[in-house]
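Listed after this line are the structures, all set down as structure tokens.
There are two complexes below, and they share subunit A, which is joined by subunit B in the first and by subunit C in the second.
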Partner chain A sequence: MKETSFFRLQHRYAPYLFVSPFLFLFSVFGVYPIFKSLQLSLYITNGPRDHVFVGLGNFQFLLRDPDFHTAVWNTIVFALCSVFLQLPLSLGLAILLSQKWLKGRAFFRLAFFCPQLVGQAFVAVLFGVLFVPKFGLINQTLFSVFGIPDDTKWLQNPSLVMPALVLTSLWMYVGFNMIYFLAALQGVDLELYEAAKVDGANSRQQFFAVTLPGIRPVAVFVLVTATIGSFQLFELPYILLNNSAGPNKSGLTLVMYLFQTGFVTGDLGYASAVGWTLAIGVLVISLIQMRITGAWKGENA
Partner chain B sequence: MSKSPWARLGRGISYFVLLFGAILTLVPLVWLVASTTKSKDDLFHYTFFAPHFTLENYTSLFAKMPFLNYLMNRGKKAIVVIMLSTMLIPGQVLMAPLYELINLLGMMDSWRGIIVPGAVSVFGIFLFRQSILQLPNELMHAGRIDGCTEFRLYWDIVMPVSRPMIGAFCLISFMGAWNSFLWPQIILHNRSLYTLPIALNQLRDLYNNQYGTLMAGTLLSILPVVILFLVLQKEFVAGLTAGAVKG
Partner chain C sequence: MPSFPYGKAAFSFVIMALISGLFVTFHRVESRKTTLTMWTFAETHYAAYRKAIPSFEAAHPGVTVKVEHVNGQAVTSRLQAAFHANLNVPDVVEVEISSAGSFFRGPLEHVGFLDLTDRVKQSGLWDKMIQARFAPYMTHGRIFGLPHDVHPVMLACRRDLLEKAGVDMNRIETWDDFIKIGRKVTIPGKQYLLELSDSGTDNIEVMLFQRGGGYFDPQGKCSFDNEIAVQTMLFYVPLVAGKDKIGSTLGANQILTQAVEQGYMLCLFAPDWRTKGLEQDIPRMSGNMALMPLPALKPGGLRTSTWGGTMLGITKKSEHPDLAWELAQHLYLDKPQLAERFRDTNILPCLREAWNQAAFQEPRPYWSNQKLGAMYAELAPQVPFQYSSPYIVTAKAKFGEALVSCVQYYNANGESGFEEYARKRLKQSANEVRNLSARNPYQ
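After this line comes the complex of A and B, so read on.
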């Protein structure tokens, strides 16, 4: 009798016991900071005890700060370049790799994926050397293949910083997103292609009528996560540009702006306001993307 | 029909594009490996490997910096993070209040300050929930009828069945912790606590123009992840795509 009541008790309460460690940590380090940062964003702070209430003053200041404008502009340019260059390349490679006649698929997949194993900080250190004027591999290659003068100062010339960042991020992420597209392409029903062929569809029509709808859920996922990822850009420019925002702040991103105001200047309140602006901006963009791509049209993703 | 000259041409172009892309992707890594075996004078003199092979970059790396120490720091942290079944990304919104909280809890400038907040992983919960939801309920039911407690169901049925997902998640968290830069940069000030990405970033100033040594440090920093990945490749890709395909 005692044992059966123990059995019933543990059956009822075990789930709560199982989730309690996570819930505890999550409320302390996940939920509490969210509310705390909402509150903090209404204060100017300087050190742990010096808090001055300013209401929405942080947000008003932020909207007028030219550095914030620079950061928003750079981040948006980077995100647009990333999405419109990276994803078509990833999808193209994935389609080539999923051809039935292809030999050496495993090699190509590994080759394209391996930059992902190198953390962003390490990539930045490596490419910092590859971009060195005169002697760096990139300038050397451009010189010997295209005859472009080898003194291109990628990281010192404000108008070349963004191309350098985009180039590096292409190297890092094209293969990574390709993996998602490959997995999605494998899930497309082959009979649909046969049916399309019977209906006389050429390969371009097949792509738009069968492939794209078939991979849509994954494509939306990749689009949204790639956009969110590029809005969080920090380490790559920060390290590549010698722990700075680069010449004329040409490499200043939103997260770098947050880092500098919050943890270099020391105003955690202002940093919270920047963080919330970033979070809301990213959320709105994600929602728009999902709306446009029809992610909610009753799809069983 | 499929072997028409046009189809052949298409295949040829496809192979060319793939090979070209693969070379572009691999060249920086090959250069990285080569650069660590060249002397300072040879580094930019030879594009890749030089006729004179040297390990001086590695000796000077270990001579001037407690590099092994940094390697150890990473490993320890990663293991603890895995034990707590965790992942990263508290999101930039949370950084300021977390900083205050860490300060309040006296965890500033210590590994606890990076490990404990990192123990919260909504992504991990999501990942495991997806895989556990696929277990048939009858399995649990049969166990209960046989008198298994909930803990035994967890330990003897759910855990073994979830092993591939656990492997994938461990690898993903390990890589996240190994490569994370921003939060450790904010929390750690004492040099002896530095993790690899931060140490390497500092190394750049120290070794101003000794690129070979810097590259040796970079290569050693990424090697453990590469090895782990090669061992657990299948699990990793499975875990990565589980979120997207089933999401």
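After this line comes the complex of A and C, so read on.
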């Protein structure tokens, strides 16, 4: 086929033409909102129409806003629980389910992963029923097994709201992260274990000297994504606590606060300031995590 | 002719995309009829309006009314977003009382609802309806919503269990009388006299309004740290905390059903709308339930309060505001319809003239043959005012925080230093609301 100049041009520009819908949509719905929100964070707004320039006033107000402080504290507590409870449990489960002597491993893997398939909204509704005082399954079980009063108000008592959230998120995410660890464990060279055994290493030493270094890239990835996910927590508490922040704002997270200020109070400017603070915070924490774990230096990462 | 260089499949996609794009761009659906769209968040309202619409359409040939049932939160968020973005909105919207204030945050001229002040005053509705009910839907002296209801509050009680315990409901006049009985019949962890929350504001709010208090004063200034609020807190907390508490709650919906059926709580605050919920959700209690006016603070005092409410607003973007106003009047002021709707919903309408009809005088077997309509109508004129603000949602949350803190303090320390703590905590919460509202440049 003889190529005309039109088709020669096509060969040159067609790739750009094909990626242009993505670029256009990404610019409109991705890049523009980012810069718009940065601009908005310098205004007090009532929706996008009415706005008054306040410079860094929104960020200054954040520093003395008790609700923002509560949201930061709750989010950090939740993130710490995710890192120090969820990930060790996921890893433990993964190690257990990678043991060849365990029968029905495939079934257990599926069973632990399943909660992830149904989504946060469903899980929140489900646990909302399970946590009901007097008649809920959790209270009835705690009463019949441990004699704990069955009118324990998990979602009405400020000191029990966070444990309830953590418990719910554990049910949902332990199995999910377990899958990553399972995949990583399968990639660890078995000869290293044999060599360690020959050198007289016990199980604990094998875990710290062989397993952990072997799965470090995946562990860093899970650590960073779990932390970012924790800082983005919204649907779970929002639905579980009946569209509220819970008693004494005990379930208020940063994203929930962002939503409330932006879409309940109507101040998109202040919500943008909260959003940018959150984004910068998550970025800094992720960088620290990567630095601590050595992922930055490219050591196996 | 050269072929398309990326194959026939890609060529077909390009052609289809072009055709569908052109169709969507240039195709216009012409509407030959006038259509009024209405959003309501309450299922009971939706069912009632569907019944009422045919007569309106018959009286207005060529007009179609489309009533849509939209989730309450979605009404607020979608409507606010649409107002802000200047998008299409329904002509008529019902908004729940606790979110109505959030529509009044910006400059008065940017409120998305039509100013109904002149229409209300000229049509005489201001005098025909309970004026207190306009207050939550007003800002800067202008009316933006027509009140749907009065929502006086009584106590709904398990008459059978109270009688079994030797309690004569008719002899209860004051809260002191009531609390004395509460101390007698309450069995911690098993049975409480009254449904009262130690973390939510719905119940304490009823008592706050009964005392003449509120979250905001008539000028829209935060007022829930004034003496009335402090006294309400001092009165309420010992009812839900400490060893002598007489109130508790387990939850709503099915949980409430079980709690009432099993006698976990013997009485609960019952605004008119809630009585229908109880009838539908706990039909087995028919004949065992009875209503009584709220106990007064002192003999001869106010025997009611208010809980909940709905306003009807006409959006500024409506192309048919006069027709929408006619629809509003048809739905809210047509007496025979209001009577029928009362039978369906138990909700007392705001129009005083409607209360004389037979439907409001009928004995109700569920409520031990009490005349539910007449009882609520008798209390309706005394329903206290409640004032709103764009910060009403925040104020409720902050008042709730103060309540939770006071309950925690009382559980730990009892009466010792409680009054001072409650004052301080309420002031702290109210100041947080003031700090937030002080940032609003549109006040």
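Definition applied: the second predicted complex is superposed on the first by the 286 of 301 C-alpha atoms of A that agree within 3 Å, B and C clash if a C-alpha of one lies under 4 Å from a C-alpha of the other, contacts with A are read in each partner's own complex, and residues count from 1 in each chain.
The definition used in the following text is that contacts are C-beta pairs under 8 Å (C-beta built on N, C-alpha and C of every residue); 3 or more make two chains touch, one makes a residue touch a chain.
Keep in mind it's a predicted model, so treat the numbers as computed, not measured.
**Q** Touching A:223, do we find subunit B (first), subunit C (second), both, or neither?
**A** Neither partner.
**Q** Regarding the shared-chain residue A:164, is it in contact with subunit B (first), subunit C (second), both, or neither?
**A** It touches nothing on subunit B or subunit C.
**Q** Quick one: is A:151 in contact with subunit B, with subunit C, with both, or with neither? Answer first, second, both or neither.
**A** Only subunit C is touched by A:151; subunit B is not.
**Q** Kindly classify A:7 by the partners it touches after superposition: subunit B alone (first), subunit C alone (second), both, or neither?
**A** After superposition on chain A, A:7 lies in contact with both partners, subunit B and subunit C.
**Q** First (subunit B), second (subunit C), both or neither: which does A:50 touch?
**A** In the superposed model, A:50 contacts subunit C only, not subunit B.
**Q** For A:233, using the defined touch cut-off, is the partner it touches subunit B, subunit C, both, or neither? Pick first, second, both or neither.
**A** It touches nothing on subunit B or subunit C.
**Q** Tell me which partner A:247 touches in the superposition: subunit B (first), subunit C (second), both or neither.
**A** Once the two structures are laid over each other on A, A:247 reaches subunit C alone.
**Q** Taking the superposition as given, does A:61 touch the first partner, subunit B, the second, subunit C, both, or neither?
**A** second
**Q** So in the superposed three-chain picture, is A:91 touching just subunit B, just subunit C, both, or none of them (first/second/both/neither)?
**A** It touches nothing on subunit B or subunit C.
**Q** More subunit A residues touched by subunit B or by subunit C?
**A** Touched residues of subunit A are more numerous for B.
**Q** Let me check the overlay on chain A: which residues of subunit A are in contact with subunit B and also with subunit C?
**A** Residues common to the subunit A contacts of subunit C and of subunit B are 7, 10-11, 14, 48, 132, 134-135, 243, 263, listed in rising order.
**Q** Using the touch definition up top, name the residues of subunit B that touch subunit A in the complex.
**A** 11, 14, 17-18, 21-22, 24-29, 31-32, 35, 43-44, 47, 90-101, 103-104, 116-117, 119-120, 122, 125, 144, 147, 149-151, 154, 175, 178-182, 186, 197-198, 200-201, 204, 211, 214-215, 218, 221-222, 225-226, 229, 233, 237, 240-241, 243-247
**Q** Residues of subunit C touching subunit A in their complex?
**A** Per the stated touch rule, the residues are 2-3, 5-6, 73, 76-77, 80-81, 83-86, 102, 105-107, 110, 189, 197-200, 248-251, 255, 258-259, 264, 390-391, 393-394, 397, 400-401, 404-405, 408, 432, 436, 439-442.
**Q** Quick one: which bits of subunit A touch subunit B in the complex? Just the residue numbers, please.
**A** Going through subunit A, the ones touching subunit B are 7, 10-11, 14-15, 18, 22, 25-26, 28-30, 32-34, 36-37, 40, 48, 92-93, 96-97, 99, 101-102, 107-108, 110-112, 114-115, 117-122, 125-130, 132, 134-137, 140, 171, 174-175, 179-180, 183-184, 187, 217-218, 221-222, 232, 234-235, 239, 242-243, 255, 258-259, 262-263, 268-269, 271-272, 275-276, 278-279, 301.
**Q** Can you tell me which positions in subunit A touch subunit C when the two form their complex?
**A** Interface residues on the subunit A side: 1-4, 7, 10-11, 14, 44, 46-50, 52, 61, 66-67, 132-135, 149, 151, 153, 156-158, 243-245, 247-249, 263-267, 270.
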